[in-house]
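Pasting the structures here.
Presented sequentially are two complexes of chain A, the first with chain B as partner and the second with chain C.
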Partner chain A sequence: MTDDKDVLRDVWFGRIPTCFTLCQDEITEREAEPYYLLLPRVSYLTLVTDKVKKHFQKVMRQEDISEIWFEYEGTPLKWHYPIGLLFDLLASSSALPWNITVHFKSFPEKDLLHCPSKDAIEAHFMSCMKEADALKHKSQVINEMQKKDHKQLWMGLQNDRFDQFWAINRKLMDYPAEENGFRYIPFRIYQTTTERPFIQKLFRPVAADGQLHTLGDLLKEVCPSAIDPEDGEKKNQVMIHGIEPMLETPLQWLSEHLSYPDNFLHISIIPQPTD
Partner chain B sequence: MEEDEFIGEKTFQRYCAEFIKHSQQIGDSWEWRPSKDCSDGYMCKIHFQIKNGSVMSHLGASTHGQTCLPMEEAFELPLDDCEVIETAAASEVIKYEYHVLYSCSYQVPVLYFRASFLDGRPLTLKDIWEGVHECYKTRLLQGPWDTITQQEHPILGQPFFVLHPCKTNEFMTPVLKNSQKINKNVNYITSWLSIVGPVVGLNLPLSYAKATSQDERNVN
Partner chain C sequence: MTSREHQVSLCNCVPLLRRLLCDAPWRKARPLHALSLFPSKMAEESQSVLQLPPSSAAGGEGLTDVSPETTTPEPPSSAAVSPGTEEPAGDTKKKIDILLKAVGDTPIMKTKKWAVERTRTIQGLIDFIKKFLKLVASEQLFIYVNQSFAPSPDQEVGTLYECFGSDGKLVLHYCKSQAWG
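The block that comes next holds the complex of A and B.
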């Protein structure tokens, strides 16, 4: 019988088979072979693609190389979004492997944040964790941690060390015995059909009467268009980590078990595939 | 109760409305932009600044009054009055955009901004830093979460620079406590923006502060 803790491992070790191809516009000294890689769903593109960069830079001249950026079917990929979120939102209905195009010039300034170094990824990651704890615990838990604990969270993610990460992260998943859950649930809902990049609002995991709010309750409140009419056809998929959790699942449970390492539930609303 | 340090979203919007009302009265160009679904929105101001030859007009507190002029005024002034006209080629004009959004996570306002040349070329973080007054630089560099970083605008989805909001309460609490003591109504947005704005080149005319007490007198 699957333990709840096993879910944490399954989420952490999720992978997406990806094929990286150099953009045809890039100038190369010889032909660039595609590069295949299993990407961790819970990590970030610029954190796990050093080998991809090296592979393509081998066939290019130094002067033709500036900041690397990635694109899928014309859409620049936001490195600051977790990889699994990008895939679920943009490519989950297409056949594997995920085909990503690599660019070294014409950085799209209006669409993408710059990623000057690994420190920038760490700063972004820690900023998200801090925001999640502001929602869950009024920042009390994360602010009580020492700098070395923060470092351990980041190193755990960077080096794919589940135990190292969760030794600290479990403290962020605790809540006072007298409560039934966190103060507010850290979540973001993404849809490609809106200009707004995501929906994020204050939402409590427990109702006034003590009942646990469900995923369905959350959607009804903050994104009612995502809920399909009861008797109608299923129009949308509500996806987290490549799966569709039942709408009856308690949100508190989802937050504790299906959050990304940044402690946010990143939820994709995508059109139901028509195959 | 600690809740006083924070402001709810509706309160934020009310303070913004009051702020914008005064802005309209004095011809300062702040406006409210609702999001497409109109559930929320943000305050926005655009101003243009002319890069003074090779020396950037210093952002930050200016002892000689405003260093930036509304676009129309800059080109109407006689040459002697405007030291920068001789180098005012289009590429030297910088467009600054300031957005005030509400963070529901921290329950405080957040200042987003971006700058670009008229041809669309954005200023880099390095350019932005060069424009920050020395007196603010030290404070900003003290902590990773007290600094200016590039982030995605939560409503527009585009890259902007942001002053991290997590320490907002640290400097706003004394302001609010003091105003309670002297029994004076304070527009949270006005106070907050007068503190964070100058760091990134945004100055507020003094009349904003007087506006709040004016409203109070009119109400009474």
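The block that comes next holds the complex of A and C.
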């Protein structure tokens, strides 16, 4: 029988086959071939696309190049959202490979944050981890760590080193023996059909009577429209890392096993595909 | 309109300013001069700032005093204050209280308590503080929650308030340099 720890590896090593094509409007000195890459679900676009950038810059003039940005079917892709989240939310019902368009001009200031350097990605990543721990442990665990431990978390992600990352991250997945879970569960629920960027609220993994709250309990409380009526047809998919966990799954278990490296559960609510 | 003219026009405003209650379960005494932030995104339009109380006590979440707000700050780039529009009932338009605290040698805001729309982003808040403190656009400003993490610039203050607010307000520390890494 599969060990729970295997789930951690499966999540970490998830990949999305992607085809990068240069936008037609970009000026090139010769034809730009598309570039194929397996993207890590748990990472960030600007962290893993150096080769993509180099590939297209080879056919462009220096003066036509400014900050790279990515777009899928007209939607600018936020680099500060994990790749797997972007795919699940925007493209999971389409055929593979994921077709992403690459741009080097007309940066959409209103839709995207700038990514001036790898340091910016690190700062964002560490901030998310700190926010998650503020919810889980009142920041006690992450604050007790040394600077080198924080560095190890980042290096583990950047270099795709599962063991290096989890040597430290396992401490963030612990909780006091007398409790049954974290203080609050770090989660964000995304839908393309609403105005708001995501739903994030305080939610305890354990009820007052000691019962473990489930994914279904969470949705009922913070996003009731996501739950399909029992007798009606299935309208929505509740997706994490490309799969639909059963709504009966305990939230504490999901948080420990299906969180992204930033320790958040990034959950997509998408319309059920009609095919 | 310059900051200076802006401040002068504020002094000429009707002195009694009372703010719409946020959905805190209890009331606290608020400074009379606590003002609402006007949205920085709509600085080009003349933003209506005069607000009427919501038509329903949204969800009965302890909304007691809903006195109308009388006049107020104008958007920096326009001279006229247009008459108010009714604030739509509903969560996204309600305001939350933010308390701003300076870190290190960063200048201290004279007004520290602000009522801010839930959908205001951290970037919007940063832009506002920089204007208020007369910082140059190129100067950086960092905002921290719980003195531990710097939320993403596109994060909404309403969500931060939900998760990290206490005693009916969200305390945010601001700093010209990185204080908590």
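Going forward, the second predicted complex is superposed on the first by the 275 of 275 C-alpha atoms of A that agree within 3 Å, B and C clash if a C-alpha of one lies under 4 Å from a C-alpha of the other, contacts with A are read in each partner's own complex, and residues count from 1 in each chain.
Convention: a contact is a pair of C-beta atoms (placed from the backbone, for glycine too) under 8 Å apart; a residue touches a chain by one contact, two chains touch by 3 or more.
No experiment lies behind these values; they were computed from the predicted model shown.
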{"item": "Fit or clash - chain C, chain B, common chain A", "value": "clash"}
{"item": "Partner chain(s) touched by A:A123 [first = chain B, second = chain C, both, neither]", "value": "both"}
{"item": "Partner chain(s) touched by A:K220 [first = chain B, second = chain C, both, neither]", "value": "neither"}
{"item": "First, second, both or neither for A:P197, with chain B first and chain C second", "value": "both"}
{"item": "Partner chain in contact with A:L113 - chain B first, chain C second, else both or neither", "value": "both"}
{"item": "Residues of chain A at both interfaces, chain B in one complex, chain C in the other", "value": "80, 113, 123-124, 126-127, 130-131, 134-135, 139, 195-198, 200-202"}
{"item": "Chain A contact footprint on chain C (complex, rising order)", "value": "92, 119, 145-146, 148-154, 156, 159, 162-164, 181"}
{"item": "Touch list for chain A against partner chain C, complex", "value": "80, 113, 123-124, 126-128, 130-131, 134-135, 139, 142-143, 150, 184, 195-198, 200-202"}
{"item": "Of chain A, residues touching chain B in the complex", "value": "78, 80, 109-114, 123-124, 126-127, 130-131, 134-135, 139, 186, 194-198, 200-202"}
{"item": "Interfacial residue positions of chain B with respect to chain A in the complex", "value": "35-37, 104-106, 122, 124-125, 144-145, 149-159, 164, 166"}
